[in-house]
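Beneath this line is the structure, given in structure tokens, with notes to follow.
Letters A, B, C, D and E mark the chains in the order given here, with residues in each chain numbered from 1 onward.
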Amino acid sequence: MSAVTRKNRDGRKRARLISGKAGSLLRIVFSLAITFFGLLLVTFLIGRVLPIDPVLAAVGDRAPQDVYDRVREEMGLNLPLWQQFFIYISNVVQGDFGQSVLTANPVIEDIKRVFPATLELATLATFIGVVLGIPAGVFAAINKGKWPDHVVRVIGLAGYSMPIFWLGLMGLLVFYMKLDWVAGPGRLDAFYIDFIEPTTGLMLIDTLIEGDMDLFWNAVSHIILPASILAYFSLAYIARMTRSFMLEQLSQEYILTARVKGISEHRIIWRHALGNVMVPLVTVIALSYANLLEGSVLTEIIFAWPGLGLYITNSLLNADMNAVLGGTVVVGAVFIGVNMLSDVLYRLLDPRARR
Amino acid sequence: MSNDPLLNVKNLKVTFNTPKGEVNAVRGVSFSLGRERLGIVGESGSGKSQTGRAILGLTAANGRITADELKFHDVDLANLTPKQWRKVRGARISMIMQDPKYSLNPVMTIGDQIIEAYREHHKVNAREARHRAIDMLEAVKIRDPERVFNSYPHEVSGGMGQRVMIAMMLIPEPELIIADEPTSALDVTVQLQVMAILDDLVRDRGMALIFISHDLHLVSSFCDRVLVMYQGHVVEELAASALHEAKHPYTKGLLNCLPKMDGDQSDLPILEREASWAEG
Amino acid sequence: MNTQTTISKPGLKQWLTSDTPRSRLQAKCGRAWLGWIKFTENKLAMIGLSIVIGLILVTIFAPLLAPYDPLAADLANRIQPPGADHWFGTDQLGRDILSRLIYGAQYTLLIVGLVAITAAPLGLLVGTAAGFFGGWVDATLMRITDIFLAFPKLILALAFVSALGPGLENAILAIAITAWPPYARIARAETITVRKSDFIEAARLQGTSNMGLIIGHIMPMCMSSLVVRVTLDMAGMILIAAGLGFLGLGAQPPMPEWGAMVSDGRQFLLEQWWVATVPGIAIFVVSLGFNLLGDGLRDVLDPRGGD
Amino acid sequence: MIEISKLNAWFDDHHVLKDVDISVPANGSFGLVGESGSGKSTVLRTITGLVDDWEGNILVNNKELGTTRDKAFYRLVQMVFQDPFGSLHPRHTIDRILTEPVNIHGLGNSDSRVVEALKQVGLDNSFRFRYPHQLSGGQRQRVAIARALILEPKVLLLDEPTSALDVSIQAEVLNLLSRLRRDLGLTYIMVSHDLAVVAHMCDDIAIMNHGRIVERATAGQLAEGSLEHPYSQQLYKAAGGYDRAVVDSFVDWD
Amino acid sequence: ETPKNALVMAFAIDDIITLDPAQIFEFSGAEYAGNTYDRLIGFDNDDVSKIHGVIAESWDVSEDGKTFTFKIRDGIKFASGNDLTAEDAAFSLQRVILLDQSPAFILGQFGFTPENVKDKIRAVDDSTLVMEVDKPYAPSFVLYCLTAGVGAVVDKEEVLAHEVDGDLGHEWLKTNYAGSGPFKLNKWTAGESLSLTANDDYWDGAPEMKRVIIRNVKEAAAQQLLLQKGDIDIARNLEADQLAAVKDDTNIKLLSKGKGALWYLGLSQKNEYLSNPKVREALKYLVDYKGISETILAGRSQIHQGFLPEGFLGAYNENPYSLDIEKAKSLLAEAGLADGFSITMDTRNTTSIMAMAQSIQATWAQAGINLEIIPGDGKQTLTKYRARQHDIYIGRWGPDYQDPHTNASTFAWNPDNSDDATAKPLAWRNAWDAGDLTAQTDAATLERDDAKRAAMYVDLQKKVLADGPFVIMFQETEIASMRGNVNNFVLGPSFDNNYYRFVTKD
């Protein structure tokens, strides 16, 4: 007969010691490293299983065989897989993502160029989505089952189910061609292209830095349509989630408490209920923002918007794997960054999660 | 105890529309209330809470209130606009909820929630309001009011939370407080301590109190008068001191079925319900 | 009260609504019946159901319903506007759009059906396992989920389609592979909220195995939020399929898949709007249907709601 | 039947149980009282294997318990939770809830066993195919008891089985539990914060405070109120209803 | 509205992967080089048989046909301000061979190797360039090859100033400029835009357009909107239906020019059905040439079945095949395939190709052939094609230079049909053993009499037409849609010859 004794109690203690502040930082770093490694590995493997010949992008279809063979060797494609991966990883660790075959530029340079375009678009779209989506969702929730609820729902759903290229082209036709409210495809009118030296890469900010208000308004009128169309998607999602979170909160006891205090309905909804709704909502918004930051290829094609989505897709279709890998890492980093940001916001908004 | 009635309730009915048909939660409750402590007891689902909520106009959206009379002083509570309600709620009639864990907004500090209750009804600046709030926290025997003022609800214990709740509901100095099982989520000893605070405050400020509970014993030792409810009806009304003289079999049954401390392990008497009770 | 009125009508209905079912079968049927009754009271859900049933019927009876051969090209008759001969006009190869729409219903059904039965269960399994076991299982599974989540979705889908070869089935598989991580997250969150609850511990005390707990006790708790999310995503799935089609990796021509029809038609959007718009509206209607149905299903799946 | 000695338990760094000793004879009934958070539930949960981090000796039916519990253990020991609203799976019918343990332990005959178990706790067949939310609190708690009984255990651990219930229903459930103990020869450990309930149900009582047993008493001693520890006395007084003077004499035990 | 002195164009330019003329081998890249670099010689866009000097004022061919001597024009300056000399020209040609990029073979086929090129191509003095080829090729063959992009002259001093690790400035020139053409590079942003500025000192007259801005717009519909709105001057990639739409717009006019590119089906001879000559012939009767050309490609192509595009020396412009299902059926019956068969076709997923493929699919169905279309992105289908894993490939082939040998050497030439061959012309990709045609093709390069040479090519084309594994269908026509006020935009037979320098705006 042996009593149960507390096993490895000291071990646990020690484990707990590591789980202090430095420990949790260490754990975060470790899990980030794993995630990135996974991303790289998956991308790399994709590059290998892709039935697209990466050499073709570099030499074209009509190159003679000897050029083809030489370039293939230059690209390191004749090495064993693990060796290629190892070389790639060790370069990445040194901050070198290599060169893109398609643009003849270092991948890093390319990303510095295309990511701000996407960032600008996604940020504005998310902004519009949040500014319109939350009130729409609240409005639907407080009118649950009545016609405003249905209207919000159907409009949201329509945004969800129309292909973006349809919306994009129709938007161009109506607002650009017919009504002349907005400018056409591109980030600036074509003959302005050379007028602006990218500082941040964000056209709205660069034009302001330049101090040229004409350019700024030109940039605004270019971005507003694609941003609105992207926003439609996040709006639909945000409104819907807001609605359901709101309904949940409105049935909570503390709402009753607020009513007992004689507080106006307005304050109850926008301060009390929404304050709580924002807690889960930041995660939703962050996720939809992160998704937009991947870049929407279709929007980018239609609006001639040189963004990340198009860059990665195009690179993938040409098996320009350095570019794809670089892009994936950026998207992954953005994703993780946005998630961390949402965690921070979550903590900020929800005192229960602090400490 | 002055005898001019604060609240007059005649034939109050609360009916809910549900997918399964109508639910009559309260079926004709009448009573009048002066500046006294009135207890409402009854088993779960007997309509205690709904009676209390109807007085504050807080019946859920699918519910309907009818009453021959529902008057607070000369205010007809049955026909108030939302705006008029806001003048009554908090300022003149208030309610203490059962569970502080769920009844306080988790993302607002306790201080903000108390101040909000006060400033809704008193035009004072922020500093003044803060002052009042801290005083009030002290009044409910919170030892470190400054700290609690800046805390969030999850950072205080249940007993503390309930004190905060009391402070919040009393700060606008209402004339009538409805306490819906204010202590049943708490430990026995804490429960009594919280009740003592409530007792003191109500007494000092000359408020009327409706105390809702399912614990007959507790209610009778705390209140002046007791209403016993069963299935939406008041089956008996008695003075607290006269509890042992209760006549209604339901009331007696409730009293009997409490286990005693005497260590007697024989079966407890069981309440045998009769259909006729539900007719009122 | 309700049952009182039905008792006067004996027979099947009484058997179904009996308060004291005599067998599990009877109880099951009765429950299904009650669920159905509850469902039918939800008008929006009924509209959704009719749309989905309509889609299924169209799929089954396509050959009877379609006025033309959906594949018959007729270059002389291309891009005709809607009219008496072709209700929804013709496309760039002179094929009747209505007929293509009718024959295309099956692919839409296939896409949403297959993704729903692959991605949702996969996400559910991963999420519940991670949430339930916690510790390193959770860490591992969630890292994998993160990797897939952090991966650009279209790239993943594209890569899969490219690797497996183009075609609808592979496109569907690719979509499923990009679709599961959010489901895993939802399921995990839900699992974490319930795994410490009394009813799970109670079940454990009955000697239920971990697998039993996950499948029998945890998964049902995740179902309603998952169903809603999946039905909400259905439109997105049709659209991703369309997007893959736009990039040429979706359905194989001349398959009249709706997304591919929209993307083919975009070229004529400015002048001949109907070519892309008609299938676009079809996608909208169907996703509306699934959405309404999903909301209704959630109410039925969650026996607590409503009463 | 149950011998517990030197039981300690931790949640992370938090030392929740400190040298708890309990001994319950077969067919005995042992009561644990104490304020919220004093560790009452943890004692029961440690016995049933729901607590990972503990040390000490636990003997059930003369068998020493290790860190894991096997199926056979659960046929011997069952537990009823405090909250009848949380301990039944909201998506399972009563029938399924009761059938599952029967199937897991391969007892067979689930149909008749379920009916029998329901009858034991005084529920008729009309409840069998309902969902928990379609039952009242008392009925739910009966179902929870039925679930515990369906495996025909010898020991029943009761974690505040009536604290969520109305007094009238509490009486019914308490009577039911007494009857079952008599009829089936069960052994109970019952946790409650209500002295009267424990006094009514149990032969021996322990009063817990901050993870320690501060006092032991028999039902008789409790009835007389002859308790020594000041905390016990306070509990005893509190059970007498609201009395302003008594409340003022309370001290905080934080 | 665009400024008067700037030309704004929407053009799918994302195929540009380099700006180094020694490497450029893509359509839009060629157009860039054509407008920014001068070559030694050029040809008349309307009559390619007329070859004229550009940087070379004149040239001589030696008796034995192996030595070419060019006299370099005086007074040409590079954008850098350096004088252009024969040394620059020699360096440029040597550089092509030394760098050995994709288009290097255009020069390399004349016997230049990295080892000998410095001897064989050399500047005798500042104004004389000598080039020695290894065989007595037809002079037109050699000259046409020099009109291609590899003949562009780069600024030796400037390029070498940016040399890294002996790369002859290649890395730098990929994204920079060192030429003497009518326009110079302002900025290239890959996948986004290309902007050029006028060379005001251009020896042959400064362009009127001071800036040329080309924006990458992939979506044809978007190009249409931009054009109709007047935000651009020229839209380059409108498809059939957009062209139909803008035709009615009075503000817009169209300019078209037959290009060298051919649309064809490659029939893999590894396939048991396709290796049957009767089947090949049947398939040639099973394309709705007229329907596709008039509807799907409306205006952007003409029916053309010989492997040399119209305008090339020796082009055979008869089109013997037309849609004839009965004939095809009887041919299939003769082949013992009266019940048809199933086969796949790898198809790029662009709108036109897809539509063509679907039309073909529908036509073949009428003859009992079940065609499965396997869509894929360009590089993907191409990878498969190059690996000889297709049944049928629907493709577009553009000549590399203006000499007939460019197409003959791919459609009618296959020295080694084994899987590991070193030369992989289209004939090889379709596993077609061209037999005697290989030798005949080689012989044609050495025929110095143009008329005889032309006859040889006509003969080759007829043979390929009759028996080859190619269903050549159309010759491409390029259409530029432009605002009414844009004049003198020039489209040439290849992208090298699309010129901006003459453009004026009203």
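Methods note: a residue touches a chain if its C-beta (ideal position, glycine included) is under 8 Å from a C-beta of that chain, and two chains touch if they have at least 3 such contacts.
Because the structure is predicted, anything quoted here is derived from the model rather than measured.
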Query raised in the report: Which is the least count of steps on a path of touching chains running from chain B to chain E?
Result: 2
Requested in this report: Quick one: how many steps at least from chain A to chain E, stepping chain to touching chain?
Outcome: 1
Query raised in the report: Taking each chain's centre as the mean of its Cα atoms, which chain lies farthest from chain B?
Result: E
Report task. Check A-D against B-D and say which one is joined by more contacting C-beta pairs. Result -> B-D
Report summary line: Comparing each chain's Cα average against the average over all protein Cα atoms, the nearest is chain A
**Report entry** Rounded Å distance, chain A centre to chain C centre (Cα mean)
**Finding:** 25
Report task. Report the inter-chain centroid distance for chain C and chain D in whole angstrom, where each centroid is the mean of the CA atoms. Result -> 46
Query - Separation of chain A from chain B, taking each centre as the mean of its C-alpha atoms, in whole Å - result: 51
Query raised in the report: How far is the middle of chain C from the middle of chain E, if each middle is the mean of its Cα atoms, in Å?
Result: 48
Report summary line: Touching two or more other chains in chain C are residues 162, 165, 247, 266, 269-270, 307
Report summary line: Residue set of chain A touching chain B in the complex reads 252-254, 256-265, 267, 271-272, 275-276, 279, 349-352
Report task. Using the touch rule from the top, collect the residues of chain A that touch chain D in their complex. Result -> 1-7, 12, 16
Report summary line: Per the touch rule above, chain E residues touching chain C in the complex are 220-221, 224-225, 239, 241-242, 244-245, 288, 291-292, 294-296, 347-351, 354-355, 357-359, 361-362, 365, 372-377, 380
Query raised in the report: In the complex of these two chains, what residues of chain D are touching chain A?
Result: 6, 8, 10, 12-13, 53-58, 64-67
Query raised in the report: Which of the residues in chain C end up touching chain E in this complex?
Result: 71-73, 75-76, 78-79, 92-93, 162, 165-167, 247-249, 252-254, 264, 266-272
